[in-house]
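Take a look at the structures below.
Shared between the two complexes below is chain A, which pairs with chain B and chain C, respectively.
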Partner chain A sequence: MALTTARMKFYIDVKRCIECGGCEVACKNENNVPQGIARIRVVTVNEGQPGETNIAVPCMHCSKAPCVAVCPVDALYHRPDGIVHVNKETCIGCGYCLYACPFGAPQFPKESAFGARGVMDKCTYCAGGPDEPFSEKERRSYGSNRIAEGKLPMCASVCSTKALIAGDAEEVAKVVRARVAARGSGGGAWGWETAYPAGPRF
Partner chain B sequence: MAGLANVFGYGAMTNSQNDIRNSRSVMIIGMNPAENHPISMQHILTAKEVNRAVIISVDPRFTKTSAFANMYVRIRSGTDIPFIFGLINIILAKGWEDKKMINERTYGFEALKTEVAKYDPDTVADITGASKEELFRVAKALAENRPGTVIWAMGGTQHSNGTAVVRSYCALQLVLGNMGRPGGGCDVFRGHDGIQGVTDVGGGPEHLPGYYGIAESAWKHYSNVWDVPYEWLVSRFKSKEMMEKPGFTVARWYEGVLLDPKELGQDTNIKAVFFMGHSTNSMQQMDRVKKALEKVELIVDFDPFVTNTAVLPDRTDGIYIMPAATNYEQPGSATNTNRDLQWRQKVVDPIWEARTDLAIMIDLAERLGFKKQFIHNFKRDWRGVPASMKEVKALPDQTVEDVLREINSACLSIGYIGQTPERLKRQQQWAHVFDIKTKKAEGGPVDGEQWGLPWPCWHDKHPGTHILYRLDTPASRGGAGFRAVWGPKAPDGETMLASDGAAPVGGPNAGYPAQKEYATDLTQEPIKQALAEGRNPYGNGRARLNAWNIPDPVPTHREPIHSPRPDLIAKWPTYDDVKEHYRVPQPYKSMQKPDWVKKYPIILTTGRIVELEGGSAAERSSWWLVELNPEMYVEIHPKLANDHGIKHGDWVWIETPEDMDDKPSRIKVKAKVTRRVGPDTVFLPYHWGGVFEGKSLADKYPEGTAPYSVGESANTVTTYGYDRVTQMQETKTTLCRIKKA
Partner chain C sequence: MPPQMPSLEQLEPIILVTSKWGASFHIPWYLFLGGMAGGTLLIAALADLLGAKHERYQALSRIAAYITLPITIVGGLALTFHLGKPERGILFPLFMSNYRSWLTIGGWIIAAFFPLAVAYAVLWYFRTGRAPRLIVAILSIPAGIGMALYTGFLISGTWSIPGGYWFSPLWDTRYIPVLFLISGLSTGLAGCGLVALAVDHFRPSGVLRRELGGASETAGTLSLLDTLVIIAEGSWIYLMLAAFAAGDVGQKLVYGVLTKGDLAPWFWWGVIALALALPFLASLVEVLLVKVIRVPADWLLYVKFVMVLVGGLLLRYVIVWGGEIRKPLPFPPFNVY
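Entry: the complex of A and B
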């Protein structure tokens, strides 16, 4: 365990995510997220065909976060541990972050097509918000604060195949490094068809 | 389970999900763990990543599991035996079989060889739809990557020859020499967390708890266990004959209501039906179930949610919906697919009017007049059971512990002895000292124990048996041969005991019969004596490749009752009709009509999806699960959809043959156009209920109890077809036609 400042990260292992949806349901249950809002969503490509791949997409809590850069009122900010939070009392609902984010993390209540979007809501890394930890105000505005309890985000805690890993970037990197080393490359792990294009081998 | 029991002696998964971490090949056939057993994928993917294990997925659908396989082979639904025997055919031709395992530990190899010779690669390719090259590649991968495990679930068993299908998987593993070793085994995954336990304690209609059967000797054993006179047990039945006659099964109980009593194996029709945690939308031929629910006098449905049962029948009276407590509202043990027992703690007291299972059962016993006998074995705290159960919602926790203690004292045959409440609770406290791969504890007060004390666990110091039929471990630590349950000799005079040199270490190095009376002597002395001499109490026998006392002693292909191939029906027909099977007539040949395919040209198969479970009254009442998968649908290949003018999201009618009624069964569902299925097959998930043949039943739910999502039940259109041995429903294969609604 390193005595450096933690920098919290998610890593989503596409060789392991099976689209069970456990992260989505656990997130909603933990944070009481309303219908239609997805703080995390599993995306599947090539469904039903060879190459079918799943990836869970929460807020990635970017180090150089585009949402933080474009926010005109500085409602978005980094905590010292790298978690990106939104202050819902400052947010004006302009939606710039939605366009800046490459992951589709910012969510809006969508009250009507041309009316106000409402203030932005997104994955908090289960770390509550800028309000007093464990306060009723924090819980109602942002959901639970598992980080302050010393726990992992709920999605990572329930992941059935440990595809979604969370924690200090150093620790997450160790897990990923061990997996990649074991998998290796070429035909062994993923099949010759994946390693080499189809066609005569010799 | 009957398939495994008839080969090896015990009807349970032989290894564990964790043990797949030791496998070098994993063949997943007729199952989809990524959706139905998501946690098990941790172990399967670890085998793939760390061992470079070859993952082979064999299924009519390209499932979410297939997406993670190195090899995917699409076979036609209901052709498992030709596929497996095609593999064995290649393995024998190439000399890849494990001769030592076959010679020393199996019976009936020559009979198997004769049958397997019929399944040459060309024949198999024609029947299954898999190519010869695919077949050869799979056989080679299995031979080159040992130990390997074969995993299956309902895709293997829900066929009219399901038991034979299971035995073919067992034969493959025996021929490859994959039995009784880490990373090998026949790993059937049970469908729910406690369903192995339900089977173990006598859920079937032909067994008392512990697979004792229902013959006189079995009842006498239980008259000892329950400390009641045998004559009193007899007096509870109409006659001794009925006492020893297997009852109806969950698959076809409704025929006991519908058919003329003259056709039944008993004098009268069924008058009342009592559901406890079972849903009617998971029962095949649900249109017949509906008729039975309309005719039967009394329906009682114990469940935490209002199920399909309450709204399906058109009747206004005689349905009693009773609130049962959930597993969070009561303690108890559960036995999972690994044969592991785990203690559950109560989280909250039962809320509202909900009552615990035990309170319900004791109240029922009280009202039926045998409460005194029923609670007799509650030694520690039976005084905690009130004089009248009428208002009682739950009982002291100790009474639930006494239930497990009674099982410990009774189920000697399968070694349910050492899993005491005290040990299970201690494991709960020390869960962190168990290794994920070996499931063994290192250090602490549980040192050396296997997680869950998997049965057989012969006494309260025994570690449990993680891997069945393993010879490199002494009997005292879970070592064993195959169960010597078929007597010393087969009918043809061959020995049924293992060869010299093929016995668990630390005891006599030869085959030996079961210890006399080990399963019925309540003092457990025979068990202790056998273990003291290094012998496994149930003996050291041979696995049966030829199970002489059941239909199709050596498995053989039989086309599904509803087969799309008239030419193959002629060559590989189904069974002869059976006059009585579990008290109902069970026709086969007279139901298999080669011309169904003319009117119904598409294969229909059913299964489960990850968001929902079983009849799903609970899951469809969860807003978040409904949000992920809100509507009932049918999966259709793009070509089939285009040929029928159906677009993604269109409403379609699915219609299936009028095999037991005068009109086709039909459901109206939305089309999901996907390449998961081939162009000859459509797939229906079976979890929905609350809509019948296009008509919503949502208004029939008591106010405020309707689930968020109602939909057509797949089983409205599943057709006749039941396993020849267990009567398991053939929900995996039938025929249908589709048209745009």
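Entry: the complex of A and C
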């Protein structure tokens, strides 16, 4: 078997999420996320109505990422393993990615009185940043680097119902297929047709 | 049960927005001032070129060139300081490398626009000959149109996204840039008219008085032109809304929020009434007073121009706030499982 680079992906199964908020807390604790910022957030749809559904929304690390396309300074980029990273040293904090992203992943912690917002902060897939792995600078700017340690993102590690699964796209797809087969119906991924349409809009 | 129109607060938790463009004054004011600056520079150039033969409209060109400069500077400052790192934004030729992004293209449009605006004002101030001014005027036409159009393209950056997919249905590349160009022209005319009226009213002594002697007549011409532009703007907004009303899920949502939902008071009173209907009405009354009853009605022109300016600003606010409305990511329907 030829060795190919993994494409790291998240999979969130809305039929399994119980809105415990474990992923939110684990993420904040692991990455020292700035106040007011949620790199992953559990969203509830149709709350209090029949068919109430919950879903955790991190950065989806899209293969064709709209944020990467619109960033004027190329602060957003794909790592070889498909993880979308932001370089906080080059980000100018314009907020354009916020409007391009269908999931609302980019957020802007305000750090100083200068400027209307801070530089962009988002889910790093627990893979740190462009700085040297395990360095103090990386830890302060981006949080932990569990991928370099050979571990999975913290949110996926703590998910009690395995609604949130992370890893190589091939392995994740196997889990989805197994669940679809067991249920006899859809994979429970959220908004896929809208966020990743088959063809161009125009 | 008829579908309920969701309020913006209800849409909020899904889109996880913590730092919107509409949350501070910077971006709406930049879009307003940038569009207006594009309009005024265009007016300065066109007045200069069209009046070249008979020395007409020269006072208008001068007013327009003068007011372009402060508008551009204030708008540019608003744009720069909305950034998280303004110091990196100012050095954009060094940092901005993604030439597929409208922000980068717009940075260069402003970089071309600003020296032209400065040059035009300086050439008028020092009254150098016609020849250098005409060169600047010819260059200013594409720069002015580009500036006003860019403010629209900035917030509808569809084409830079793979597959051309954009999740803010209101920020539609097909409607917003042209709307902002028309509105920029309208507010530019109103700004020029307001300054012409004020100069005429206060009669400053010296050079300005001689140059702008016929400012009151100029304001009348500007008011007429503005009325024509307002009709075009109203038609364009009607086209846009008609397309949204017949569009996909996200566009229908935008149509609902604009006309019946949270943004409806701002849209109907701010945009439709202040920017379009009331100025049009003011023009009709003004014509009636001046032409039929024969009483001077300069105060009505003041009111009209101020309404157009405030309406233009509120249009930018409505469009920026409306950008928070995302195309809903449909949840898996219950019957699938």
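Just so we're on the same page, the second predicted complex is superposed on the first by the 175 of 202 C-alpha atoms of A that agree within 3 Å, B and C clash if a C-alpha of one lies under 4 Å from a C-alpha of the other, contacts with A are read in each partner's own complex, and residues count from 1 in each chain.
To be clear about the criterion, a residue touches a chain if its C-beta (ideal position, glycine included) is under 8 Å from a C-beta of that chain, and two chains touch if they have at least 3 such contacts.
Just so it is clear, the structure is predicted and the values come from calculations on it, not from any experiment.
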**Prompt:** A:K162 contacts which: chain B (first), chain C (second), both, neither?
**Reply:** first
**Request:** Identify the partner contact of A:T53: answer first if only chain B is touched, second if only chain C is, both if each is, neither if none is.
**Result:** both
**Request:** Check the residue A:D74 against both partner chains and state whether it touches chain B (first), chain C (second), both, or neither.
**Result:** second
**Request:** Considering only touches as defined above, state whether A:Q107 meets chain B (first), chain C (second), both or neither.
**Result:** second
**Message:** Quick check for you: in the superposed arrangement, does A:R183 touch first (chain B), second (chain C), both or neither?
**Reply:** both
**Item:** In the superposition, chain B vs chain C on chain A residues touched
**Value:** C
**Asked** Regarding the shared-chain residue A:K15, is it in contact with chain B (first), chain C (second), both, or neither?
**Response** both
**Message:** Let me test your reading of the model: by the given contact rule, A:I37 touches which partner, first (chain B), second (chain C), both or neither?
**Reply:** second
**Message:** By the touch definition at the top of the document, which applies to A:P130: first (chain B), second (chain C), both, or neither?
**Reply:** neither
**Message:** Let me check the overlay on chain A: which residues of chain A are in contact with chain B and also with chain C?
**Reply:** 15, 50-51, 53, 183, 188, 190-191
**Complete:** The chain A residues in contact with chain B across the complex are 15-16, 18-22, 24-25, 28-29, 35, 47-54, 160-162, 179, 182-184, 188-191
**Asked** Across the complex, what residues on chain A touch chain C?
**Response** 14-15, 36-38, 41, 43-46, 50-51, 53, 57, 64, 66, 69-74, 90-96, 98-105, 107-108, 110, 114-120, 183, 185-186, 188, 190-191, 193-195, 197, 199-202
**Item:** chain B - residues contacting chain A, complex
**Value:** 34-35, 38-39, 41-42, 45, 48-50, 52, 62, 64-68, 70-72, 610-611, 622-625, 627-628, 674-677
**Interfacial residue positions of chain C with respect to chain A in the complex** = 13-21, 24, 26, 81-86, 88-89, 92, 95-98, 100-104, 107, 155, 157-158, 160-168, 171, 323, 326-332, 334, 336-337
